[in-house]
Structures are given as C-alpha cells and as structure tokens.
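Single-structure report; data block below.
Naming follows writing order (A, B, C, D, E, F, G and H), and every chain is counted from residue 1.
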Amino acid sequence: KHNNSNKDTNTNNNNTNMCVISSPILKFFSDCETCLTGKQDRHERLVKISRDITVKSKRIIFILQRIQGAEELDQLLAEADEKFGEVRALFTSIARELVGHSPFLYLRAFSPGLQEYIEAQSLAEYLRTKTLVKLEDLQRELTFDIDGTEVSILVDEMDYLQGIADLTGELMRICIGTMGKHDTLPGETCSFTREIYRDLKRFSSINRGLDRKLQVMSNSLRKMEQACYTLVVRGQEIPAGQLGEAVDDE
Amino acid sequence: FDWFQEVNTTESARREAIREVTKVLEQEARNLETILQQAHQVKESEAGDICAKGRERFTAIKELYAKLQTTFPLELYYKYHGCWRNVTQNVCFLAALLVYLESGDLLTTDTLTELTGVSMQQDEPFHIDLEDFLLGLCSLSNELARLTTNCVTAGDLSRPLRISKFVADVHNGFRMLNLKNDSLRKRFDSLKYDMKKIEGVVYDLSIRGLIKEEDK
Amino acid sequence: KHNNSNKDTNTNNNNTNMCVISSPILKFFSDCETCLTGKQDRHERLVKISRDITVKSKRIIFILQRIQGAEELDQLLAEADEKFGEVRALFTSIARELVGHSPFLYLRAFSPGLQEYIEAQSLAEYLRTKTLVKLEDLQRELTFDIDGTEVSILVDEMDYLQGIADLTGELMRICIGTMGKHDTLPGETCSFTREIYRDLKRFSSINRGLDRKLQVMSNSLRKMEQACYTLVVRGQEIPAGQLGEAVDDE
Amino acid sequence: FDWFQEVNTTESARREAIREVTKVLEQEARNLETILQQAHQVKESEAGDICAKGRERFTAIKELYAKLQTTFPLELYYKYHGCWRNVTQNVCFLAALLVYLESGDLLTTDTLTELTGVSMQQDEPFHIDLEDFLLGLCSLSNELARLTTNCVTAGDLSRPLRISKFVADVHNGFRMLNLKNDSLRKRFDSLKYDMKKIEGVVYDLSIRGLIKEEDK
Amino acid sequence: FDWFQEVNTTESARREAIREVTKVLEQEARNLETILQQAHQVKESEAGDICAKGRERFTAIKELYAKLQTTFPLELYYKYHGCWRNVTQNVCFLAALLVYLESGDLLTTDTLTELTGVSMQQDEPFHIDLEDFLLGLCSLSNELARLTTNCVTAGDLSRPLRISKFVADVHNGFRMLNLKNDSLRKRFDSLKYDMKKIEGVVYDLSIRGLIKEEDK
Amino acid sequence: FDWFQEVNTTESARREAIREVTKVLEQEARNLETILQQAHQVKESEAGDICAKGRERFTAIKELYAKLQTTFPLELYYKYHGCWRNVTQNVCFLAALLVYLESGDLLTTDTLTELTGVSMQQDEPFHIDLEDFLLGLCSLSNELARLTTNCVTAGDLSRPLRISKFVADVHNGFRMLNLKNDSLRKRFDSLKYDMKKIEGVVYDLSIRGLIKEEDK
Amino acid sequence: FDWFQEVNTTESARREAIREVTKVLEQEARNLETILQQAHQVKESEAGDICAKGRERFTAIKELYAKLQTTFPLELYYKYHGCWRNVTQNVCFLAALLVYLESGDLLTTDTLTELTGVSMQQDEPFHIDLEDFLLGLCSLSNELARLTTNCVTAGDLSRPLRISKFVADVHNGFRMLNLKNDSLRKRFDSLKYDMKKIEGVVYDLSIRGLIKEEDK
Amino acid sequence: FDWFQEVNTTESARREAIREVTKVLEQEARNLETILQQAHQVKESEAGDICAKGRERFTAIKELYAKLQTTFPLELYYKYHGCWRNVTQNVCFLAALLVYLESGDLLTTDTLTELTGVSMQQDEPFHIDLEDFLLGLCSLSNELARLTTNCVTAGDLSRPLRISKFVADVHNGFRMLNLKNDSLRKRFDSLKYDMKKIEGVVYDLSIRGLIKEEDK
C-alpha cells in the first residue's frame, strides 16, 4: 500500500514485446532480453547439433573397430569417410550459427560433439597413415566458408588432447581385438601409444585436466603392454621334443 | 494428499510382491548355477545328466516368471524393470550355458522363450529385454573361458577348439552392434579378453600337436 | 596365425547392412543392431523435444512471475495459455514417438522436460484457482490420440512431486516479489505451501527422493514465513503520537 | 609434440600477462571502492567531492582495460573471459554506483564505455559481457539498500524514497528477462530482498510522517 | 558352512523383524509430527488440545518400543542401533516439542522414559542413546525458531521472549559438553544460529516497543 | 628400514603429546567462553567483573601454550600446526572479546602476547599464525553483532553506535588486505554481513529517535 | 546437563583404552604376518618350523583379546565393534593361514576360539563377528593364490592342485550364503577371481604334463 | 593493520618465489623422467647410457634445491612443505629408479643426499620428509612392474627374477612400518599388488622353462 509508485510502469510491461516501452531503463532491459534470449536459443540449437555429431562419430568409431585383418582396412575407411561427410555437414550448421559469434562463448554447447569427432578423426587418420592427426589439419577441416565469411570452429588444445586421450582408449581396444589376427597392429598401437604417452608426460602437472588424461592413457598403455607381453611369453615356449611339429603348424 | 497415501501403498505393495518373487527367482538361479557348475568337473560326455537336471529347474523358473507378471500392471514393465534385471541377466546366462552344454549351439530367442515362458519380442508387454539377453551372453563367454582351461586339466583336449570357434562367432556378432559407453560395451570389452584366453589354450594345444587334424 | 578359423565369417560382415548374412548367429545380431540403433535414435529425438519443452516451460514460468497486482493476472494467464499450446504440440510429438513403446523405457530422455512442464502447469493452475493441480488432470492433458491409438505419457508420482517441490520454489519468489504490492498473494502462497509441506511430511523417509524434495520445500517455506513475519512486525508498529498521520497515509 | 610445448608456453605467458593486469585492476577497483564507500558517511550534498575523486580513478582503470586488450588475440576473448569476469562485474557495479551518486540515474552503456573505454556492443571483439553488466547492477541495489539505512541514520530523510523508486525501476527491468537457473537468477532473487528492505525504510518513514508530500 | 548359513538366516530374520517395527514406529512418529505441526497455526492458548492429542499417540509409540525389544537379544543392542537411530532422534525431538508446548519446560530424561517406556541409563541393555537425545534437542530449537516467527505473524507477541530464554538455557547446557562427534558439533552450530535468530525476533519486538515490561 | 621405524615411533609419540595438551587447551577455552558469554546478559557497566574473571583464566592458557612448546622441536612448528589451529583461533577470538569488553579497543598483538605468552612475530619459532589471529577477529564481529541486538533488548541504547563504529574500523582494516586465502575471504564476507546487521540496528534506533545527539 | 557431561567423559576414557589395546594387537598381528609370509620362500616340508613360531605368537594375541574385554562393559560390544573390526579380520586371516599351512585344512571355529580365546557364538557377549571371520577367509584365498604361483616358481609342483581343491571348497561354501552385505559380496567376487587364477596354474601344469596322475 | 599488510606482502612474495623454483624443479623432474622412461625400450645392457644422462640432470636438480632453501626462513619449512611435496616425491622416485637401473640396489638415504644435496635427517631444518621418500619408493615398484613385462616383451628373460627379489625386499621393509597415514597405506596396498604382478611374470617364465637354473 505504501509503495504503489510504480504501478503504472508495471502495467505496460506485462507483455513486453507488444506495447510501446516508454522509459529508457525498460528500453535497455528490453534490448537485454532480446540479446539473452538469442544467446539461449543459439545455445540450444548448438547442443542439438552437437548431440547428432556425437552419435555419428561414435558410429564411425564402431565401424573402424571392426578391423581384423589388414585387407579390410580400405573398405572400412571408405565406409567411415562416407559418414564423415555427414558429420561435416553438421559442422557446417554449427559454423553457420557461429557467424559473428565467438566459438568460445558457445564451446560448452558443442564441445562433447567436437571431442568425439576428434576421437573418430584421429582414429581414422591413425589407421590410414599410422601417424597422429595434427591439430592444424583438424583445424583446417573445421574451417568453413559461410556465404563468403570464413568461420573457424576453433579447436582448443585441451579439446584436442581430450580427443587424443580417448583415442588411446580406442587403440587399446583395437590392440586387444586384433591380437593373434593381425600381424602388426597390436605391437604398433602399443608403441604408438607409448610414444604419445612419453611425449605428453613432459607436460604433466602443468594442467590438471591433462593429468587426468595422462592417467587414462597410462591405464590403456599398461593394458596394451600386458597383452603384448602375454603374446610374447606364449610364443617363447617351444615344448621340448615337439619343436618340429610346432614349426610344421606355422 | 490422501490419493498419494493410496498410490504409495499400492506402490509399496507391488515392489514388495516383486521383491518376493525375484528373491525366490534368485535362489532358483543360484541352485541352477550350482548344478551347471559341475560341468567344470566332468567329462563332456557325462554332461548330459547335468543338463537334464538343469533343464528341470527351469520349470520352477518359468512358473516364477509367470507369477512375476501378476504382481503389477504389465504396461508399467519398464518402471519396475530394474528389480529383475540382474536376475534375468543371470537366467539368460544360465539358459545359454545349458543350451551350449547340451548342443554346442547358441541359445536362440525361441529356446529362451520355451525355457522361461517369456517372449523376447521387445514390443510384448512382458518380455526379456534385449540388453539383458546380450549381457547374459557376455557372462557365457566368461564361463566358457574357465571351462576351456578346466577341461584341459581334466584331459579333454578336443573341446577348446570348438569353444574357441563358438566364442569367436559370438564375438563377431557383437562387433556388429553400435554400443553406447554403457555396461554392455564394458562387458563386450571383457569378452575380448575371454576370447584371447581361449585362443591361448588352443595355441598351447596346437604347439604341442595336441589338436587333431579333423577338428580344425 | 594359430587362429584364423573365422577369417571367412569376418570378411562378409564388414559392412553388415549390405551383404547377405549367412550364419543364424549373425542374423540374430543384425536384428539386435536394428533394435538397439532404433532405441538410441528414438532416445535422441526425445531428448531434443524434451529440451524444447524445458525452455518453453521456463519461459511460461517467467511470464507468470511478472504478476504484481491482481488486475494483471488474467492477461498473464492468457499469455501463458498461448505458450502452453506450443508445449502441447511438442508433447504430441513425444506421444507420436512413443506409439508402441513404454514411456518408462524412455522416461530418462524426457523427464527433465516433463518436470518443468508440471512446474509451469501447476503454477498457472495455482494462480488461476488457488488450488493444487491434480495428478489425474495432468495425466488427462498428457493423453493423446495418435492416429486412433490412445497414447498416455505416464506421469510418475515422483515426477509429479518433483514438479510440486519446484512449484513451491516459484511460489516463494512470487511471495517475496508481490509483498507490499499485492494484498493477499504473499499470505496465501505461504499458507498454501505450509499445507502442502505438512501433508507431504507424512510421507517422509518412505522415499529418499521425496526427503530431498521436502528439504527444498522446507527451505522455501521458512523464507516465506520469515517474509510474512517481517511484514507483520513492521505493520504492528504505530509510533506513539503519530497515529493520526499514519492512518491518513493509508 | 614440440608444437604443444610452444602452444603451452604462449598460453602460460598470456595467462600470466592477463593475471598481471587483472591483479592491478582488482587493486584499482578496491581503491575506488574505498573512496565510494565514504558515501555512507556523508550527506548527499557532500557526495560531489567523493564522486569527483572516484571519477578520476577511472583513468587508471581505462588504461588497464586498454592494456588488457594487448595481452591476447581478441578473437579468443571468451576463452580467457573467466579471468576478468569478477573484476569486470565489480567495475560495472562501481561505475553504476558512481553514476547514481552523481546523478541519481542508471548507468547507461554509453557512460560505461566512456568510463572504461570498453564497448558494450556484444559483437565487438573486446567488450563488456552483458551478464557481467547485469550482475554489477544487482550489486548496486545491494549497496543502495545499505545506503538507504545509513542515510536515515545520518539524518537524510529524503533519499530513501528516491532510492526506492530507482531500485523499483531496475527491478521492473529485470522482470522482463528470461533467466536460466544461473548466478544471474540467484542475484535477481536477492535483488528482491534489497527492494523489500528499501521499501521497509520508506514505510518506516511514512508511518512517522517523515516523507514530504512533494517527494511522493 | 551350514552353521554360517544358519547364523545368516537368524540375522536376516532379526533385521527383517526390526525393520517391520521401526517402519511402523516411523509412521507413528510422522503422525505425531503432523499433529504437533499445527502448533504453528494456533494461538498458544489453544495448544492444549493439540498437546492432548499428541500425548495420546505416545501410547502406540511406547508399545512399539516394547515390541522392538523382543525382536533381538538385548546384548546386541548396538549391533542394530543404526536401524532405529533416526526414528529415535525424531521421537526425542517430538517428545521435547510436546513437553515444551505443554509446559514451557525442557524434556527431562524421566519424562522421556515415561513417554517411551525406554530408560536413558546408558548401561541399561535397551536404552535411548545420549547422542540421539541431544540431536533431538537440536531439532527442537530449530522448530522453536520457526515457531517464534510464526507466532509473531499470528499476533502472539509475548511468546518470543520466553522461547528466547528457553533456547538460551539449552544452548548453555550444550556448551559444557566436549563434543567430539562431528554430526553433533554441526548441529550444535545450527543451534547457535537458531538462538541468534530468536534473539533477533525479540529485538524486533523490543525496538518497536511491542514487548510488555512485565514480560521482561 | 629400522631407521624409518624409529622416526615413525618418535612421530607418533609427539602427535600424542600434542593431542593431550590441545585437549586441555580446548577445555580451558570453553570455560573462558562460558564466562565471557555472560556479557550478553548484563549491563555494560557490570561487565568489569566478568572481564576480571575472564582475564584470570588466561593464566592457565598461557601455561598450556608454554607446555605445548615442549612437546616437539620448535623448527617443526608448521608440521603440527594443524593440530592447534582451531583452538588458537578460538583463543584469539576470546582474547579480542575480552579486550573489547574491557576497553572497547581492538586487541593488539602485544596484548595477545601478554595474555598467551606467545609471540606474534611470524618468524619466531613458536608464534601465533597471522591468519589464525585474523579469523579470531572475524568471530569477534560475529559475536558483537549478537551483542548489539541483545543490548538493545536489554535497554542499553548507547552501545550499538559505538559497536558499529568499532566494527566498521575492523572492516576497513580487512579491506586493505589482499585476501587470497579462501577460508579467510569467506569469513570476511560474513564480517561484512555482520557490519550491515549492526548498521541496521543503529538505523532502527535512529529512525525512532533513540540515539542521543552527543553520541553521534 | 551435568549427567551428560559425565557420560561423555566415561565414553572418551573407554575409547582411549580400546585404542591402546587394539594398537598393540595390530602390532602383534603384523609380527605374526611377517613370520607366516616366509612360507612363500620355503618348501612345503620346511613350513613346520614357521608354523610353530606362528602358533607361539597367538599367546600374546590371546592375552590382548582378554585384555580388550576388560576395557568396556561387554553388553556394549557392538557400540565399539568398529574399533577392532579390521584387526580381527586380519587375525582370522592369519589363523586360517596358519591352520592351512599346518594341516591343509580349513580353520574351524573351535580352533579359532582355541587360538584367540574368543568364542564365535554370535550370542556370546564378546565374540568374533561372523562377517569378520568370513572376510578373513577371503583374504586367505587371496594369499593362497599368491602361494600357488610362488610354489610353482620354487619348483613345488604338487601343491597347486591341492590348493585348487581347497579353494574350490571354500568357494562352494560361500556360494550357499545369501550375501546381502556389500563388502562381503565384493570380497566374494575377488575370491572367485582367485579361484580362477589358481585353476589357471593347475591348467598350466596339466598341459605340460607336470601333474602326476596319482595327485588327481 | 599496516603491520598485517606487510606480513601479508612478505608472505605472498615468498610463496611466489617458492612457486618459481618448484616450477622449474618440476620441469627438470619431467625431463629426467622422459630420459629414464626409455629404459622400457632398451636392453638392460644398454641402460648405462640412459643412466649416465639421467645422473647428469641431477646437477640441475641439486642446484634448484639449494636455491629453494634461500627463498624462505628454514624454520618455516613445514609451512611451505605442501608446495614441493609432489615434486619431491617424484624426485625420490626418479632417484630410486636411476639407482636401481645403475646397480640393481635400493636407493640409500646417503645417495639421495648426494644426488639432491638435501639431507634426510628429519631434524635438519631443510630435509626430505620421510613420507615423501617412502611414497617415492612405492612409485618405484609400480614402474618396475611395468618394466618387468616390457623387458620380457623385449626378450630379456633374466631380469624379472631379479626385479621380483628386489621388490619383495622393499615390501618386507614396508611391512615393518606402522602406517597410520592414509595415503601411504593405500600406496602400500598398491605395492603389494605390484609385487604379485611381478611374481606372476616370474611364474609365467618358470612354468615355460624360460628361467635359467643359475639365475635362481
């Protein structure tokens, strides 16, 4: 009762978008509303695209996990490439949303998808060339020309490293899965992971996130080393007196 | 909020009833497991008896599943699914183990339905969830890995190769699936280890020339 | 080398969907694949719709939070109703996805949206009729006729109670916000919350989730009681010798 | 991974540089706050002097913001945003307090830009984030609530009503926003309490007939 | 292992029996709480009726405690103590609230024994644990803090001062204890907070001249 | 490894000895607190007696600190610091409260050294850590906020203004410090809150004309 | 509150006394473990000496258990049970290991009582809790798994098969129990794992023809 | 408060200085680790080169420890201990690994002092804390477990047995200690696990006849 000084202003902001906004304060807040709602909506749209990217990237990884012998590799990579095309289309939509906005402002919205994509891309790259995908190559793949503007979905080093850490998990699965079926892959993946691990270990305790990733990598590496060990130990044994037969068997 | 009192009472009663049935079901599964575990100690040729005894126990299990379906409205199946998940996975595993011991084949959905009386059609009101079935198969390979070493100990040298082929087939099947990062994927990863272990046994036999040519 | 017994089967399941699947085991797993992928895809679609429902419901709540005097109520409710129409359309999409599937199997996918909707709906209902929305009314609103089949998006009691717990949070905001501007709302919301709390307290320690909700409610209730207390204490004071003036002021 | 070494070094250097600047910025903001805090102890009429001193300090702040912009590539603004969020919210609050003390008006984006040298256009490479600005306004109402009681203590009975109107306007503005369940919404909830508190003071004055008719 | 199995079964049966009784006990405690909660809405003078109804419910509670003692050998008291801890704390709180509403006095151990039929002698086989009693008292002050504001809202201006004195006495008692136990120490801190809150209400009334001189 | 074993044993013995002393120290601090708490119930003029009694207790505390220094080699001060942190913060608070009640002044480091026999020179082997001292001061303002409302209730209307000025000074002192430490910053925020509360009391008195002009 | 204070003091004293005894008990258990650990390095035939030495140490352990029973009223057994749980589990494990090394048999409850002087009757005032006993058995199989590999390394090829049978029996016993308890279930899973490991060793020996026919 | 401000500034400056040195120390430790990690890929005979390179790096580490001691008054050792704990544990581990690779012996405290220039006398003003040393040894066994499998993979079949004996000795040493400290106890459990793993490798080699008789 003692405070009805602002009843008037109340009534004309009930539906903010329809009626004329008189006071400059309300005008300012009305602009804020537009800006904040725009942000929220864009965030939502990006989350949705990101989820689609995650699903598709995971499926690419599953395709690549089917590798056993060397001969199927090309076919699997071809299959994966087809799917990568679809993922690229999704990234184009993200780029379209980001025209004129900082990717870092919306990073939280799409970084799960981005990380899964990096995981898939680096796995494909490893199987194709036996090398680690480079951040700059990924970055080039994620730069788009949207109506004449160049839009980069900037890949943060930490997102990249997260992807690499996840990659070693997948390499571990391939190492275990192809053991005894593929001549070189188990050993190669193990050495490759060991090198990555040793190189990255140099940067430990710089960044807490990195340390967690190193821990994950270390676990995968140990599993791979253990598997290679088992294979070697078993192979070392040539039962006395049956040497001849064993050679025959090969 | 009296209606809530009522809802609550119904709910509690239902959960209690389900709990009762699953408890007995768990006990039955444990009994069945004890029977089938004997397969580790006997020759393959003598497994028939064990299997027969095992198959008998399914009568009780079938009845319990029938009873379970009367404890709640079936359209709420997935509301209470968590209560019998574990035991159903175990039953699937045991059914698959039984069928393997009997015939060396993979448990089919039809046989499972025959044994438990429950459909595997995922759109039936009461059914066995596909994931539970697959998790049961993972347990099967784990048990077969143990069986492989034990039957070598017992002097049965022809089974490992057959088990190896069987588990490789299951593994190939699993590789076709798109799994999320869930418990199924974890179990699939451990299936790989089981397969390696079995292959190791086959290798051990083969370098000693203990595998007959006709088995290959 | 010692295990190439299944190389043959390998090669023809490389791209599972294209070539003929010979073995019955692979046939079975191929069916599984279809089933699991279908589930995953449906889950994803439901998550997306649910997020849309959450956003829209939140905005409805914000519209209703604008209430100050009694006179604006109708207009705000009308505005809210319009938005509720949009939300209903989204629920229809959910219902369409659920034809032939158990809502509980996908509950985790859409329950955030459902809870936020219940919160919005119960707030609107309270402001309209000063009563608590009934579970059966909500349930009726969420039953759809999809191509002749009746599909119910079943509302779990716990989802309902979660919505009610959140409702008391919003009532608390209204209580504080309308204090001194609206004659009856602050006191009414406080008593209403107190009744809900006392009624629900009877079911405490039956369910851990419910206990957490009761704790939240209890906090809101205390804030409202404190606010009402402040208003009353202040109003009790009529400075000696200025009694006349104070009455004038009203 | 040598490139990573390099990236890491650049990154560390940048963060260090930003940290340096924001540290000084925080110190400057603290100094400014100490000055403006004196408003609680003086009459409104004597606030001019305080305001003048306060406005001077913005020269340093402006320079620091200019310096901040040289420490990293501006397109990475939101990557490092977390580093200066807190201090920027504080600067917004202090600017808003200064402007209110000077003129009784709400800080406009133009004035803020004038004081800090930073644009509020959200698509400029370096700008003041809208949310930080709004959080600053929440702090303002909190401070004004304190000012309201203190100026009554100091015998200044005409300000409360004016402050009350001002804060009510800000509150009305906030009510137009669609907020998520984030820190802004929490601060908005506490703004309501500040408003109540100020209204309480006005009420206390009005029942004692201490509000002049012309102020209403 | 048969003997173990047997022990195991006895154990399960006991826990089940205890669970049954405590479940009903919890229900009774909740009913009692619903009754006593009404004290927040009525005048002090009308509380008598509520108290009478409340006291009646203790008959059932007493019986349940008697029954609880028959479910297990009493020398295993502390083995199962965890099962009824929560509800006993709640019962202590409710007894203390009842006694306070009736007489304004602190619940004595004798009265508690009278109400529940359980001794508080810590060396009796079945007793109420001291800690549970003290935790109940902490809940009491929390409830009284709420009661204080609500009775002012309801226009009863004489109670706050009395509640304030009562809670200050309880607080003094607590301070003597050497509280090692973490949960008790935490609750003691909250008791302190409640006391301050009640003192705040008394202050609010004092400054507005709403406390009669004779109450002081 | 024998040498390690030995080190280990010494270590345990030391911790045990420290634990013994701090336990008694905690008891003494509690006794002292009980005495000083009475200040809430008496007029300012009668506080002298309480203060005298309180000062006496410091003899015991001083001795205990002396004893504490004999339990371990002083160069390991910070190794065991955690063991007496809490009690030392409490002692600082009580010393500060005592001094405020006696003289209305802020506890100086010299007086603290006089009372406890422990230096505050941070480079002395055994000293009172600065942070512990500051945390004690935060507790002081919290206690003074309570005292403020209680003395209004008791009819003592001249103290709030003085307390308000005192706490504002303490607050100003704190604001100068660049507080990095988390727990200290949190407590500083609560100091701010206490100050506002005390200002609120002064406001309440002001608007009712209960503050004498000469006090201002 | 004086009475409470008293209860509090008794309580502290008791816990202190219990702590003292269990500390020595832990030390004794560690000594015993060091002795029994030597079994990993010697031939089975030479274990007799180790066992004799181990058995001697139980005199001290027996005395300590006797002493423990004097530190508190026995009806409060389960109140303080947590204090000696860990060490008792360890003692059970060591007793079981001793008995296995001596005779290849499973520790009986009678032997345990003989060694420790404590009954296993769950209704005796002071007894060894069944769960603690079972957890000790789990530790035993873990140790035996280690022993199995080590004795193969040491060239003792006949033990693995016997250990394997022993652990399989223990495992079968456990499977009968309806394990609700979480920690026990977890340890049971690890027992399963140990059993498989031991079976693996037997397999390794079998396939290399290193198991004598008469051992089977 | 000026004095406080000053203390505060000194404090900040010291922490900054310590931070600087430990940062470089961490970098050096990481470089050393990268070098020693290569031991996993080379034959034992070629390790000499790695060790030589590794030993060189200790010159820098020694200097850094010397520098660290100049950054603060040494009697405040334990005040800042937390800042270099982690890196010191790492340095201890690396020193122990280096010594093991060089000679197959356990790092002695003298050698550690020689390498780092820091005493291990626990009463020296600046020393290496015993716990940090022990934690470093735990890391060593973990690394050796990895080394054991890797050197088998690399075809070096004689090392595992030697590593196994070494780690068993360390384990025996640890068992003597009365480990109260939680983190140390946890790490001791993992040491046990590492030992079992290494024993497993020795077993794998033994059973396949891959260990030469003279190595035993």
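As a working rule, contacts are C-beta pairs under 8 Å (C-beta built on N, C-alpha and C of every residue); 3 or more make two chains touch, one makes a residue touch a chain.
In this text the structure is predicted, and so the values were computed from the model without any measurement.
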Labels of chains that are neighbours to subunit C and to subunit G: B, E
Lowest number of touching-chain links that must be crossed from subunit C to subunit F: 2
Chain whose mean Cα position lies farthest from subunit G: D
Centre-of-Cα separation between subunit H and subunit G, whole angstrom: 34
Whole-Å gap separating subunit B and subunit D, where each centre is the average of the chain's CA atoms: 65
Inter-chain centre distance, subunit C versus subunit E - centres from mean C-alpha coordinates, in Å: 35
Chain centre separation (subunit F, subunit H; CA means) in Å: 43
Per-residue overlap in subunit F, given as positions that touch at least 2 other chains: 178, 208
Shared-contact residues (touching 2 or more other chains) in subunit C: 2-3, 10, 13, 40, 66, 180, 202-203, 237, 239, 249
All pairs of touching chains, each written as two labels joined by a dash: A-B, A-C, A-D, A-H, B-C, B-G, C-D, C-E, D-F, E-F, E-G, F-H, G-H
Contact set on subunit A toward subunit C in their complex: 1-4, 7, 10-11, 13-15, 40-41, 44, 47-48, 51-52, 55, 66, 68-69, 71-72, 75-76, 79, 180-181, 249-250
Touching residues (chain side subunit H, partner subunit F) in the complex: 1, 3-5, 7-8, 10-12, 73-81, 109, 122-123, 125, 130, 134, 173-174, 176-178, 180
Residues of subunit C defined as touching subunit E within the complex: 194, 198, 201-205, 222, 225-226, 228-229, 232-233, 236-237, 240
Partner subunit D, residues of subunit C touching it in the complex: 58-59, 62, 65-66, 173, 176-177, 179-180, 227, 230, 234, 237-239, 242, 245-246, 249
Footprint of subunit A on subunit H - complex, ascending: 26, 30-31, 33-34, 37, 40-41, 86, 146, 149-150, 152-153, 155, 157, 201, 204-205, 208-210
